[in-house]
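Look at the two complexes coming up: subunit A is in both, with subunit B in one and subunit C in the other.
Entry: the complex of A and B
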């Protein structure tokens, strides 16, 4: 009895002693900053930074003074915190968000055959190039939803994937997974995208999908910043660096496939500040502002597209966005 | 020749997973891809050999002289757990690449029944110290072999159209059973 207690206790004590001593002697000196950086990284180990997980990237950015912030999923708050930990300003890139460039819901499109294989777009794509009539359209089997490490993509009841803005970190996993390269990363700040990537000319596309880009070019013509290009064999593309988020293209698109990541808020004219100069009425591209000279002008919210042109032009700073 | 037979006997004939049914948990758990199963196998070989060495010493120099063999199980668990912790620390300091490769698998198998099983079998079968270490290495090799084979088969499942009711663990268990039957073919190879 006594001997067994002594023996087990002895072994336990000895083991604890050895472990305790070796924990000190063999302690790996880890940069405390590395741990701090790691805490601010998303921790999804998605690999979008190009390193083997968040820990590997934290090590790289801590040890290498030249390393840039390569994590696309880090938010602004965390970027700030990491910059503070490392004592240098990290530029990072503008936060991105994924957008799905297809609006072809099943009711508006035709299928070439009925697909009954595994529920995976990549597998479906292998069967004679996918069942959807349009060669560029979303197959709707939810591979992007399955690969998203942040659960930011959800297959909607309309059979198309929807990006949940608050969860998407712009890591780009879905882009690699989509066999048709429909998903694109664009800046988060309320930018617009064209919901179609079809290269078919309108005559070939129309029988397959009623909501594709018909290459009419109206959006390219109306865009005040020349940010949109379109040709007869390529859907309209918005050059994000030129886009000023005026939203004119959304209002003119005949098929209604241009959408914003985050619709900008509509505007409101402060009656106290407005001097009734009528400049806003003149610049408004959608005739949403009306009123009499020298009296406060009014915004028709139903017409306002939140382009913000009037805000810039107002000499009295009387116009502001309504945050919705 | 004796040692070769010892290894073959431990690895194939009395395979730990498929004939003795020890270590089923990691066998089912980390056999989803070949990469992780290879990492796990390496860690098992390492830990089992080391644990056999230490537990044999504990048994014959502490338990037997004090006639405390009934404490075998708890003493072995204690020693193996402490040993793996120690080894993990040393590896992390001495060889970071090895730590990267074995790292997460080492603590996972600390108290695995295959590791404890080999320590107890060494005593039951009356092996001497060298025999015990070689037996443990052979057994671990067999464990690794079974694990990698099984992981290869499970990777194959991805491409198969399995009836819905069998998807996931059920088909894995059935496959493991058939694999076990296949390994029964080795019985009688040694002795």
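Entry: the complex of A and C
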């Protein structure tokens, strides 16, 4: 009895001693800030920063004083926290969001054949270039959903992937996985995109898909900022740096495929500041503003598309967006 | 009887068409000659819309050594250089459309008379390349490339592949029965090119009539070997293994073990090219399967629409699936508006009950695919990696040695599309290496 206690106790003491000594002598010196930074990173190890994972990036940004914030998934709050930990101001890149540039739901499109193979768009693409009649359209097997490390893409009942705005971090994993390059990253701030990338001319495309870009060019003509380009054999493309989110293109598109990742807020005219100059009424492209000269003007919220043209032109700074 | 390890025994289904003599497909009014009918570097059309062409005239210029031209299947006028669904890729590909004038006149000087056995090796190889000859078993690799192995790979074995192990197909069988002399003479031309004094023609034992006839006709330097009936007996590496007991090393080619294999139909085309200067503009194709009313073996010109071929065979009957080639390795088609190509050994039409399109389930690790794999791989592991897209791990598991014969998929009780997974993994690994090269 006694001997057993002594023996086991002795072994325990010896082991504790070895552990205690080695913990001191072989300790890995780690910058405590690294751990702190890691806690604020998303932890999805998506690799969008260009490093092997969140830990590798945390190490880089802590040890290298010139390293920029390369994580596209980090939010404003976390960026602030990391800046505090590191004691230097980090500039975040403009937050991006993924958008799916195809609106070809099964009811509006034709299939060339019935596909029965593995549920992976990349594998389906190998079979005669995919079953969808349109060779640019979404195959709808959800490879983007499967690779998204943030569960921000969900295959909808309409057979197309939907980006969940609050979860998407703009890491770009889905873009690499999509065999048809349908997904694109655009700035988060409510920008518009064209939901079609077909290069087929309208005559060839129309029998395959009823909701594709027919290259009519109305959007390009109406865009006040010349942000949209379209040609006979390329779908309309919105140049994001020029887009001012006026939304005029949405209202004129005959196939209704231009959409925004987040609709911009409508505007409101402050009655105290408005001097009743009527400039806003003149610039409004949708006749949403009305009123009498020298009296405060009013916005018809039902008509306002939130383009913001009036905000720019108002000499009295009386117009602002309603943040929804 | 000689054979290899592994493999499967699918129902042969050859009786549908094997006793039907070859019939000539009539001259039709329009041909669609795809520019790319071979594996390798592309070719460029050298005719333009409105040009008059004659039968056997060159229509395209090969761009590179591993490339061959295509030729006009009949005389007539080029309607346009259009685009057509390519039966292999399923995508639109450049295609020379020819309106026949009905005269079917040969180009100047064709067919000529010459003795291939007095021609030099280079002259023969040139004749083969300019005749546009490719492997007619289906892989369509340019024949002149296969017949000119590099100097550091000495060749001591030449095998003519008459195994025709794909179920349903009988085009090589009919050719061996009806025109054995073309095959034997073509074999001797190939032997002359390779500098060999003997060759073997390998035929599966389910064609006893062809074996008997070839043995009667064959000169002493050509041996006829009967092989066990087993799929994929006609796959290059399995054929070499069965006859010579040599194993092509992982990642290697038959020439690494001193062997060259040519399809029987290719040998016949080689003879036409070398002795008479006739390019590869027609081939023998089995139109078969229970989905077509009258299965036939036809001699058809390259560029004939499949729709017309099927009409010639009495039309479709409860058809569910049209396949170019055999049921094991052939390529399913989604339209009948595609042309016959140089490598179209068969047009197989299956009914719904002949196909298996049930959904697949999880791997039950039964190991049947491992037993069936003629390459000694572990298909179950590859299929699981395929589901996850883990191509790096798959390459470690010898992914690239898979010949995509389909034996594993055939035996899988869970209906797993294993070959599809393998093709998917191969595509991912190709894309990744292309990306790393570009970066």
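Just so we're on the same page, the second predicted complex is superposed on the first by the 322 of 324 C-alpha atoms of A that agree within 3 Å, B and C clash if a C-alpha of one lies under 4 Å from a C-alpha of the other, contacts with A are read in each partner's own complex, and residues count from 1 in each chain.
In the analysis below, contacts are C-beta pairs under 8 Å (C-beta built on N, C-alpha and C of every residue); 3 or more make two chains touch, one makes a residue touch a chain.
The shown structure was predicted, so the numbers you read here are calculated from the model rather than taken from an experiment.
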Here subunit A is shared; do subunit B and subunit C fit on it together or clash? clash
Output check: A:135 vs subunit B and subunit C. Expected answer is one of first, second, both, neither. What do you get? second
Which partner does A:23 reach: the first (subunit B), the second (subunit C), both, or neither? first
Who does A:322 touch here: subunit B (first), subunit C (second), both, or neither? neither
Give one of first, second, both or neither to describe whether A:112 is in contact with subunit B, with subunit C, with both, or with none. second
Examine A:164 and indicate which partner it touches, taking first as subunit B and second as subunit C; both and neither are also allowed. neither
Touched partner set for A:151, first subunit B, second subunit C, both or neither: neither
Considering only touches as defined above, state whether A:126 meets subunit B (first), subunit C (second), both or neither. second
Intersected contact list for subunit A, partners subunit B and subunit C 118
Subunit A residues touching subunit B in their complex are 3-4, 7-8, 11-12, 15-16, 18-19, 22-23, 26-28, 118
Going by the contact rule at the top, pick out the subunit C residues touching subunit A in the complex. 89-91, 332-335, 357, 359-360, 386-387, 389, 417, 420-421, 423-424, 427-428
Residues of subunit A touching subunit C in the complex: 112-114, 116-118, 120, 122-123, 126-129, 135
In the complex, subunit B residues that touch subunit A: 58, 62-63, 66, 68, 71, 74-75, 78-79, 82, 85-86, 89-90, 92-94, 161
